Each structure stands twice: as C-alpha cells, then as structure tokens.
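After this come two complexes, each holding chain A, first together with chain B and then together with chain C.
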Partner chain A sequence: MNYSLLQVELLVALLGLGVLLADLWLPPRHRRALGLAAAAGLMLVFIVGIRGAVDTYAGAAEYAFGAPKARTGMYVLDNLAVFFKQFFLLAGILVLLMSVEYSDRIGSGVSEFFALVIFALLGMLFAASANDLVLLFASLELVTITFVVLNSYQRGRAASIEAGVKYLIMGALASAFMVFGIALVFGSANTTNFSEIHAAQKQLAGNPVFLVGLAMLLGGLLFKIAAVPFQMWAPDVYQGSPAPATAFLAVGSKAAGIVLLLRVLFGAVPQITAQWSHLLVWIAALTILYGSLCAIPQRSLKRLMGYSSIANAGYLLLGFASLRAEGVNGVLYYLAGYLFTVLAAFAVVCVVLRHTDSDDLSALAGLGQRSPLLAGALALAMASLAGIPPLAGFLGKFLLLKSIVPNGAYDPGYYCLLGVAVFGVVVSLYYYFGVIRAVYWGGQASDLSPIATSWPVRIALAVCIAGIFWLGLFPDNLLSLTGPAAGVFGKLATPASWPANAH
Partner chain B sequence: MTLLNTLILVPFLTALLVVLVPGNYRFVIRCIALLGTAIAAVLGTVLFFKFVPGGAGFQFESSYQWADAGGLRLAFHTGVDGISAGMLLVSAVVGFAAVAVSWEIERQAKLYYILLLSIIGGALGAFASLDLFYLYFFNEIALVPTFIMIGVWGRGDDRNYAAFKITLYLTLGAMVGLVGLIALYTRSGADSLDIVKLQQAIAAKPLAPGLQDFVFFCLVIGFGTLVGLFPFHSWAPQGYACAPTATAMLHAGILKKVGLLALLRVALPMLPGAVSRWGWVLAVLCVGNLLYCGFVAMRQRDLNLLIGNSSLAHMGFAFLGLATVNVIGVTGTVLVMVSHALLAALSFALSGWLRRQTGTIEIGQMGGLLARMPFIGTVLIACFLAGCGVPGFANFAGELTVMFGAWHGLPAVVVVAAWSGLVIGGVYMLRSIRDILHGAPREELREARDAVSWWRRLPFAVLVLGLIYFGIFPNTLANRIRPAAAEVVRLAKNTGPAPTAKAATATPAPAK
Partner chain C sequence: MPAFTDLLFLAFAGLTLLFGFLCVANPLSRNPVTSAMFLVLTIVSLAGLYVLLHAFFLAAVQILVYAGAVMVLFLFVIMLLDLGEEDRRKLNRVALISGTAAVLGLAGVLVRALWSAKGAAATGATLVEGNTAPLGRILFQSYVLPFEILSILLLVALVGVILLSKKELK
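Our next item is the complex of A and B:
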C-alpha cells in the first residue's frame, strides 16, 4: 500500500516519540526549548507534510488499508481530510506555544505534556481521514485517553483531578455506547466501511437494529462535540483542566467530533440523515439554548468558555441540520474562525492565570491598562465569538444562518430554529461583552503593574488576531479551501417530504 | 481607486496609524486623528459637490469581487446616489467634529481614538455600500467600540446598564434585519445581496407576497430598532445620556440613519406589495415617535435625555416621509436624515461642553449662562431653534417637505399628529433655552467658561454653518435627492397585478 498517503501522521508520530525520547537526555532547564522545538517540528510538518499529502491525492480521494482498486479503504485522503489535517496541525502548534508559557504551572513532567499533546493531535489527524468505524473508534480513543491524562495533569489541584475523572467516566460511557452501536451496525450491515454502508443504505434504512446502532454511535460523537443531551461534562472539565489542555479540548477534540459526524452523517448514511432532519433541528436548538442560557451567570472565564463551547456546538449543528453542502461549508468556516478565536482567548487565560492565579472574571480587572495586547486580544476573541463583523465569527454565523433559511420554505421548523439561533446570539452577546467589560472597566484592580508577555505567547496571539481579522475581512482564501472540502459529499439527500428540487 | 473608496479607507488607515504610535504620545495621537478626519471631511465635501445632480443612477461606482467560492458571492460594491451623497458629506463632517470635541479625553487616549475612528469609518462604509452585506457589515463595526466607549469614558452611574442595553437592542435589531436580508439573498433568485442585482432579479420575478411580508417586517422591526422606531426606542435616550460626547454625536447623528438607509434601499423599492399592504404600520408607529417621544422629552430635566428623546421625535418625521411613499415625502425623509445628523451632533457637542463647564446636566441647575458663554449660548439658541423647525435652518426644509408629502399621501389624522409633534418640539426647545441661558447668572456657575479659542469653536461652527447652509440652499440637497427618491417611489408603487395588493391600497391607513 501507499505509505506516502499517511506521511503527515507518520511524521507527527515520529515527532511525538522524539519528544518522549529527548526528555531522557535533556537537562530540565531545556524543557521550554523542547516545547518550542516540537512546535517548530509541527510547523515543518504543516509545510512539508501537507504539501506532500496534497500532491499524493491530487484532487480525487485516495484510500489506504483496503482493496487497492475498490476505493473503499479504511483511511481516506480527500479535500475534507486535508482541510482538517491543516486545522489540527495549526491548533497543535498554537497549543504547544501556549503550553510552553504554561509549563511552570504544570509542574513535573513538562515534556510528557508536550508529547501527549502531539499524540492527541495524532488521533485527530487519523480521525480526519476515518472512512471506517474501526478507524473512527481507534482514533477517538487515542484522543480521549490522552485527554484524560492531559486534563488531570496538575495533580496538586483537586479541580484538575476532578476534571480528569469526570472526563474519564463520561468518556468511557460514551465510548461504550459507541462501541455497542458499532457492533449493532456491523451486525446488521455486515461491514464497518463507510463507502460500503453508503452503497447499502437503502436496505439498511428500514432495519431497526441498524438504526439503533447508528443512534448510539451518534450519541458517542455528540458527546465529543458537547451537544445536548451529552453536554454535562463540558463546564466542569473545561474549568478544572490546565488551560492549554482545555484549549485543545475546545478546538481539537470538538473538531475531531465534527469531522467524524460529517463522515458518518453525510459520507456513510446521507439518506437516513435526511429523514432525521427533525432530530438535528431539535438537538441544534436545544444545544444553543442550553449553552447560551447557562453561560449567563458564570464568573469563571474557563467555565464560561465551557458553556460557550456548548452553544457553539449548537451553531455548528445548524450546518448539519441544513442538509446542504453550503451548510457543511459554513461548518468548516465557522470552525476555522473558532480555532483562532478560542485559542486567542485561552492564550490570554494562560498568561492571566500565571500572574493572578485565578480565572475569575474579577481577575481580569485592569487588564486594559496592564497589558493592552492581552486586553485587545481577549476583546477581539469575545467579539468574534459573539459574531460581530469584521471578525471571523461573523462570517461563520452568516454562512450557517444562510444555509438554513431556504429550508424554512419546506419545513417551518427551520424558521423556529432560526429564531432560536438569533435569540442565542443576542443572549451570548450579554456574557461575551461581560468579559469585555471585565477587561476594560469592571471592578477595581488591586494591582496595576504591567504584565509582560513572552515571545511564544506573542507569536500565538499575533497568529490568532491575524487569523480572526483575515477570515473576517478576506473570506475568499478560506472559502476556496472549504468549498472543495464541503464538496466531497456531493449533492446531499433531502427528506422525502421536501420537493425534489429543494436544493 | 475611486474618491469614494478613498473616503472610506481614510479613517481606517488613520486608526491603523494610531495603533502604531506608543500610548503615551497623546498629543501625536490626537493630531493624527484630527488630520485623518479633516482629510475625510474635505474628501466628503469634494465628493458631495462633484456629485452631478439630476441622474438617477449611481456615481463614483466601483465593484471588486470579494468572495466567490463555497456558495458565498460577495462584491465590494460602492457608489453614491442622491440618498447617500448628503449622508456621506455630513458623516465625514460630524466625524471631524467628534474628534475635535474629544480634547477632554485623557485616559487611554490611544484606545479611544482607535475606537472612534473605526466608528467613523464604519458609518462612511455603510452609507457607501451598494451590497447589503457590506451595509450590515460596516454598520455592525460600531457595536464593540460603542460598548467599550460608553463603559470606559461614559458618564453617570447607569453607564454599565446603558452600555448593555444599547448593545443588546442594537444587536437584536441588527440580527432580525439580517434574517430579512438573508431571506432576500436566498429566495430572490439573485444569489447575491448586491442592490443592483437584487433589483434586477425582483424586476424579472417579483417575490411571493408571503415572503415580501416576512422580509418587510424583519426589516421594519430590525432596522427600525436601529433608528429608534417606537416602541423599540427606549435604548436610545439612555444610551446617549451615558455615552461620551463624541460617541453620542456619531450615534445619534450618523449611525441611526443607516437603518433608514436600509429601509430606503430595500423595504420600499424591493417589497412593493408589502409596502402597499403594510405601509400604514409605519405611519402609525411614527406617530408614536412624534407624540410619545415628544411628550417624554417635554418632561425631561436632564439635558441629554431631552436631546435624546427629541432626536427620536425627529426620527418620526423621517418615518413619516417613508410612509407617504411619494416623491415629496421620500425626498423629505432624506432631507431630515441629513439635517438631523448635523442637529443631533451639534446638540450633543453642546451638552458635552455645558456638562464639562458647569459640572451638571440638570437643566434646573443651569441658568443665565448666556452672559457667561456668549458663543456657546448663541450656538445653543441656533441649534434649538433649528430643532423646532424654524425657517433658515436645514430641519425646516426637511420637516416641511415631509409634511407636504404626508398631506398628499396619508390621512389627515396623521398629518395633524405630525403637526402637533412640531408644536410639542417648540415647547420643550424654547423652555430649555429659557432655563439654561436666560435669567440671572447663577453664583455657583461662575467657573463656567465659554469656548474662546477658534480651535475650540471650530467644531461647533462647522456644524451650525452646515445647518444654516442647507437651510438657505436646500436645493443643493434636494436636487441631488429627487431623482433617487423618484426611482425608489417608482419601484415601491410597482405592485404589479396582484389583486390583494390593489384591495389593500384602497384603504391604506386604518390608523384608528
């Protein structure tokens, strides 16, 4: 088989092992340098590996681990996979830079922390290419198990241990559901390959065992993206985990769930998904409502981001509910904006935590005077999350809303969903702008000494701010990537009750 | 690059330049901001006088393909017609005046000027955009700066509440409007939000009546909220009362009119059926602005709240002009937009000066100030007389034109209500002139100073001269507006053969 298809994953795996090994010989004072070197290594993979991968598949999908001619391999390299691989690598680089800043709070085992981030990244990279339930499960487990360790990394803090244990138990439950679902799917479809399930979906649509299996599988994936009713873990885990781990959880793990949902819902069983459009509408609406309303009273910035991540999962599900390629396109665009936005916010949290030892909103008081850079970055991130132009979040929300409006003509439920989404945006403005208030004029700051920022953080923030503005002002560049990536599923199926020319 | 695009870019480039200056060089930052907005004001003036009156189409037009991938097609399409020409001029001028009156800002000046310049740039961009996406986009740029400015440099104890209230109201309005725009985008068949393309698509195939009604109400409620349409207006007086002077000037003067522009660009010309069925709603609600907000203004003892409510009452005239759906009325609406931009900015600049000098904003605690500050006092008298609609000021031209239009198109009860709105305005404006300026000079106000240097007087002079200029030569504006207004009205009356629409036009105003 063609190993060059897997070159990105192989390089990242080698890098992770290299970081582990380097820890054996490096004196402790070089730990920060090791993190920076790992980030540089990922940067190299980003440049070289992605280019190589793009050259390998040249537009049409290429498969690995399967019959060579059958185009049904377990691993697929197509536009969508490459889009997400770039996404995950970029997130990994920024998270590593953040971890370097955070390393003195992690305490012991700093290099292992870097290595675990890279292994979680490896799981995400495989998830981007999963074309089989087995690879789906294996890659998700790699992500979940590394995150259990990452979340509980600050052994001295009870909150961190609590986060790890909660994630472990809830994650194990979700995995159990998922693997049971996979068993039922395999039992009824006699295959675990998405391409083969796709070919057989007409017969499978009437098979209750298959549908139950599929629903359980969905439950496991919805857990990953923290959608209602599988959202309970998110606020606690976000609050307790070390800030870089939370950031990676918010961006990487959620995106891994999204790409797998896309592969299953639109790659494997698009016709069944179309019949389940009401379910998607309900989940999206409830997720937006739950996340937005529960975020209002929060005082801890990390916990607030946990609820915000639930609300954002709801907005991402709008794109799924639209049952359109434009919706998928919106999901990808929104995720890209979310990457820069959330990582900017967490980079600021990392620095603030180092200086004030608290992630309470009151700890942000006076940040506007203490560090205009951090204050500006946090304010921009919040405004982008709230969906204010000219920032990335606005275009993402615009594309997602635009994708569901036309469906209202066939199903009034979509107008209700639209109303919920608009309501959620207005509510979210209240808590996001509450953070901006805390930064610029909320409360009395006891300490107004300037906060110095190290250059890795400055680089991370500069990249994030540039990304937020770039995606908001010049959408064409990213749209030319997301368009083909969203196009891999072809024309999506619509519910039987809609007119045939609905798209 | 056209003159128009340069005009939009100047404030943003100035803001970028300010970003690069270290924060403690306050004087340099202020000079850069003043220079940038002065250039913008000159460009705006040149643009206005280079605009050739008489033509119906757009001038200074340019279009750049901005995105055409992944199902999103956007063109950065800008241009000027009679409706936006005047607004671009006054936006640039008010922007300069707002920077000029900001000399009192000392804390975090760098952030202040960056935010102020982005609001100005956003306003100019919104008026110049011929793609509705960018109209919305530029309008929303002001949201975060407004919020931060009210919070950090705002006045009064309520500013926290006011900052959230103004932000939430404006977002709710904007989002509802956006839903209407997206419905137009996806359902009109134009697959674009470009005004020209949308109009072509709608001319080829009018929208279904149900869709028209849906979009019409989204726009009236959404963009109406941005303008302060009764009963979605309560954010405005409070927000302005707590905002720093420059923010209140820009918001009340300029940004509010973006909502009216959206209604003029979309609601009237693209939804003729809905206008004929539901136009009376606007006529009813504008009476709320004229009378209710007028009465509320009458009871205010706080000068800022009085100005805020009176500015809502003036917006009633703008809505009244829209509701007439005839050329005179729509021309009047645009005249009111332009003249009120100058008036509102001038009023808030004056109240900012008075507050700075007297330390209070309660009308009852002022008195006899004309003797202490002859220049400011004179400008205040001029400003409030303009607010009552005295001939010789631009507002007279606008309000009179709207009344003529209303006489033709609307039932007498609405016209009488509008007329009583003018009387109410006269009452509170004249009363506050008496309370603030006349009477014996108060002992505790002896520290109050007039604007002495020409530099301090410049922003007031520019604004008041603008009011007088357009009051004496309203035709410089009206000649530019009329062809564009005629085009809007032609499209708005183009209801086509739908029988329901005809039945509705017969009884357009069940206002009682």
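Our next item is the complex of A and C:
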C-alpha cells in the first residue's frame, strides 16, 4: 500500500487535528493568528502535497485500497482528482481568510470553526478521489455533517439555526435516498467499485433494479449541487448561514457533487448515461429556468446568490448533457471561474455584513464611495457571473454552450436547451446588474464613512480578482490543466439513436 | 411445503411491515411514545431478518445500538417536548395526500423494477459470513479508508454538538 498517494489528505487531516488541539493552549487573543496559520498550512499543502501527489502518479491513474495490481481500488489518483484537489485547497485557503475576517461575528468557538472548515475540505478531497460508492458516501457524509454544524454556527441568530435545521433534514433525506440507491446498486451489481461496475455495465443496463438504484444515487448527488428537483433548500440555507460557511457551501460542496457526478455518470456508467441524455437535458433546462426566474425579485444579496447558485448548477449540467469531453472540459473551466467569482462576492458580503448588519441590496448603497476595493470586487464578480467578456465567467459559459451545439443535429432537444440557456443568460444580466446598480447608483446612503478592510480580506480579494482576469484573458494556462483532467474518461459513449460518428 | 426458514422470513417480514406502519400511522393512538415503542418492535423484527441472512453481528448491533441506545435517546427527546401538542394538531390534508402519493409512487417503481428483474441472477457472488472475524477483516483491510473517514466524521459531530449545545463558550 502506497501511502504517498494519500499525502494531501493525510496532511490536511493532521492540520485539522492540529488546529483543534492548538486551541487548548492558545490564549483567546491569538485565535485570528491561528486561522491565518491554518490558511498558511493549507498553502503549504497546496505547494508541497500536490507536487508530491503529481510525482507519485505520473500522468497515469494510480489506485489504492483494492486488489493489488488490479486497476480497481476504491481510491484513485488521476488528472481529474488532482485538478479537483487543487480546486478544493484553493477554496479552503480563501474561505479560511474570510473566516478570520468574520471571526468576531461568530462569537464563540472561533478555532473550531477553522477546524471544521478544514474537515469539510478533507471530505471534499476524498470525494475528488472516490472510485467506490462506499468512499463516495463516507466522504459526502463528512462534508454534509460538517456543513450542518457550520451553517448553524451563529446559534444566537434564529436564521442561522433555521438554515442548519433545514440543511440537516433535507440533507438527511437526500442521504437516505442515496444510501437506498447504493444498496440497490450493490444488490444488482454485487460490487460498489466504479471500475467493476464499468466492466459490467452492458448486463446492468438491462437490470431495472440497478437503474432504479442509480437514479436514487443521482438524486442524492443532485441535492448536493442544488439542481431541480432537489433545489428547495438552497436559498434559505444560503441566506441564513454565516457568510464564510455559505461561500464554502456554494463553491466546495457544489464542486464535490460535480466531481462525484462526473465519476458516476462518465466513469462508472457512461453507456447508461448516454441513454439517459433526455433526462439530463430536462434537468439542466429546468434548473436554469428555476434559478434565473426566481432570482429576479430577490432583495437579499445572499438569497440572490442562492438562486444564482441553482442557475449555475444548470449551466454546469449543460456540460454533462453534451456527453462530450469538451463538455466536461467546460464544466471544469466554469467551476474554476465560479470559485473566484463567488468567493469574491462572499468576501465582500462578509465585510459589508460586519458594518451594516444587513445583506439587503439597499445596504450596498454608497459602497462605491465607502470602499472602492469592495465595490469593484463585487461589480467584477457580478459581471463575471453574468458572463461579460473578458472575465472568467464568459469563457466558461461559452465553452459549455458550445459543447451542446453539435448535438442538436442528432436531437432537436439540444437546440431547445440551448435556447433556454441563452434565455437564462439574458435574464441573469438583469439581476446581476441590479447588484452593480445598488453598489454605484443605489440612491442616498445614510452612512458614507469609509469601510476599512483587514489585510487577509485584501489578499483574498486580490487573489479572486486576479483569478477572474487571468482565467478570462489567458485561458490557455487553465485549459492545459482541464484538458487532461477531462480526458480521464476517454471517448464518451453516445445514445444508440445517434450516428456512430457523432463525436 | 415451504421450508421453516421461509416461514420465519414471512413472519419477520410481515411483522416489520406491520410495526413500521403502526409506527408512522397508528389509527388508535397519536401518542409519540407509542410510535417509538412500535419503532423498537420494527427494529427487533428487522434484526430477525438479519439473523435469517446469517448476518449475526449486524443483528446483535441492531438490537444493542438501535433498539437500545438510540431509542432511549428518542424517548428522552419525546419526553422533553410537549406531548399534548401532537394530539391537538390537525392532520394536514395536502401533506397527507402528497406523502401518500410519494410513497405509492416509490413503491410502484420499486415493485415494478424487482418484478421485471426476477430471475436475473447476481453476478459472481462472493458472500461473507456475518461473523465478527470476517467482518473485521474486511473493515480493516479493504474498507479501512471509509472507516477512518467516518472516525473523523464522529469527531466533527462531537465538536459540533458541544458547540451548538453548550451554554456558554469562552
């Protein structure tokens, strides 16, 4: 057993336990320093651990925890896993910097908040490497349970408790369905390993018990990314939770769901996925419509981000529905842009919440004069989410839309999906620019005193802004990473009704 | 003439369904304590099914943990809450109809799937007897990674419960 494969996860687990222990001896005034130290530790893992992991697997996939020599372990380290590990670590670092800024609003248990963020990150790192339903379930539960605690962290606020309880109940329901589905899959396939399911998918495609189990499993994963019909929880939970927890939920938890969906749909059962292309088209279209239309009347910035997150789940599903490596590539690129934009937006929310105690759009009035940095970052994030060139969101949306266009020749449903997606983009211009308008032309503000930002937030914002521009202006750098990551699934299967040379 | 184990299976399966139904929709009593007691009986009948599947350890754990520890916790929570409120509450018709429809729909899909899959044998079965020794070997060899992840999950749950329920935190 080669433990160097797991070095990123082992280091992060040790860091989390270290933060939990350090709190015992550290005087309370050093709590902020502990958060910064944890962020620095993650930075070190990002540099050292990822390089070590890349050296270990050297381009081809390496498996662990399975029969020796067989390429069927439950833990896999390949280009896709490393891409997502970098993604999660970067998100974790930025969220920790945000949590340091937010720590005086959390009140009690600040160090535990940092430790829980790291443990949620650990669950996501394992999810990136899951090649087995058991590991999928264990890592997702680690993420879900940790977020239940993080969401209800401000236990003095009713909204935060409500968010935690809602997430707990809905999450438990989704997990129950998922574990039921896993049981049915295991009962019909007699294995939980993705590689073994892949080898047997021809027989399994005709087994209705397996298909029902797979559908239930997908339901659980769609809950994670907040896609229709499992999206009800998102706006309430986003609005009530502490801002750093919401930010991590929006970026990390969604990406964990996406990587597991990729592993299941394209890694384990690509042929069944191809037969289900209509289902994917429908879910993507409904998710985009629901998120975009419901976002229009929102006045609370966090709630708006909740609906925007639903709409973005829909755009990500376009890449799945395309059944092409280009689509998967688009999903990865879009997620990377989404990381920077959403974290920039929530970093601003963190600071503004501290000063105005409200996340209503009217509270943003005068932000352009009070803090040009915060206003600029928020405006950039919104413009990127709306898909304005040359920002990160534009190229991501472009890649996703482009990936489904050729499929319209075989299935007109894809043209309808394209129309829905373009409609969603147009509608989103309205509500994203509503935020920008509130920032710069938001009427008379009662308080025009400048807002001071601490240096951790300034670093986080600088990284996010740089990322938004870098991804938009120099896409080649990231595309050289996403290409091989999307290539781990090889040539994807197409529906039987399409011509054989459809790709 | 069905074998004795088949009769036992039918008895335990029937009892599980009956007690499960009485737990959620008892026509005679809406007292939560009664429901909790029927839940105990459901769990015990399920343990009987596990024994029939030769999963002896699972059956023992089911009784010890679920029928014992978890149920005591349930009862504590029920007793701490106001019991009269549950009796006074009217049945919500919309919830009743949508809930029944959801249950029937799910049951229909499952029954249809199982029915049409009848005879499709599982591929390459490698069964493990449900004793503790083979179970422990599997748990600490091939499944050690999820096992350790769950241990961290328990740590997170512990920290979370203390944080959310402790009266005053420094």
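In this text, the second predicted complex is superposed on the first by the 503 of 503 C-alpha atoms of A that agree within 3 Å, B and C clash if a C-alpha of one lies under 4 Å from a C-alpha of the other, contacts with A are read in each partner's own complex, and residues count from 1 in each chain.
We take it that a contact is a pair of C-beta atoms (placed from the backbone, for glycine too) under 8 Å apart; a residue touches a chain by one contact, two chains touch by 3 or more.
In this text, all values refer to a predicted model and were calculated from it rather than measured experimentally.
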item	value
Combined model on chain A: chain C and chain B, fit or clash	fit
A:Lys491 touches, of chain B and chain C: first, second, both or neither?	neither
Contacts of A:Phe394 with chain B and chain C, given as first, second, both or neither	first
Touched partner set for A:Arg51, first chain B, second chain C, both or neither	neither
Chain B versus chain C as contact partner of A:Ala379, first or second or both or neither	first
Partner chain in contact with A:Ser188 - chain B first, chain C second, else both or neither	second
Contacts of A:Ala409 with chain B and chain C, given as first, second, both or neither	first
Chain A as apex of chain B and chain C, Cα-centre angle in degrees (nearest 10)	150
Chain B versus chain C - smallest C-alpha distance in the overlay, whole Å	33
On chain A, positions contacted by chain B and by chain C	none
Residues of chain C touching chain A in the complex	109-110, 112-114, 116-117, 120, 122-126, 142-146, 149-150, 152-153, 155-157, 159-160, 163-164, 168-170
Residues of chain A touching chain B in the complex	325-326, 329, 333, 368-369, 372, 379, 383, 386, 388-390, 394, 398-399, 401-403, 405-406, 409, 418, 422, 425-426, 429-430, 433, 436-437, 440-441, 474-476, 479-480, 482-483, 486
Chain A-touching residues of chain B, taken from the complex the two chains share	23, 66-72, 74, 108, 110-111, 133, 136-138, 140-141, 143-144, 147-148, 151-152, 160, 163-164, 167-168, 171-172, 175-176, 178-179, 182-183, 185-187
Residue ranges of chain A touching chain C (in the complex, touch as defined)	13, 16, 20, 28, 64-66, 74-75, 107-109, 112, 115-116, 119, 122-123, 126, 134-135, 137-139, 141-142, 145-146, 148-149, 152-153, 155, 164, 187-190, 200, 203, 206-209, 211-212
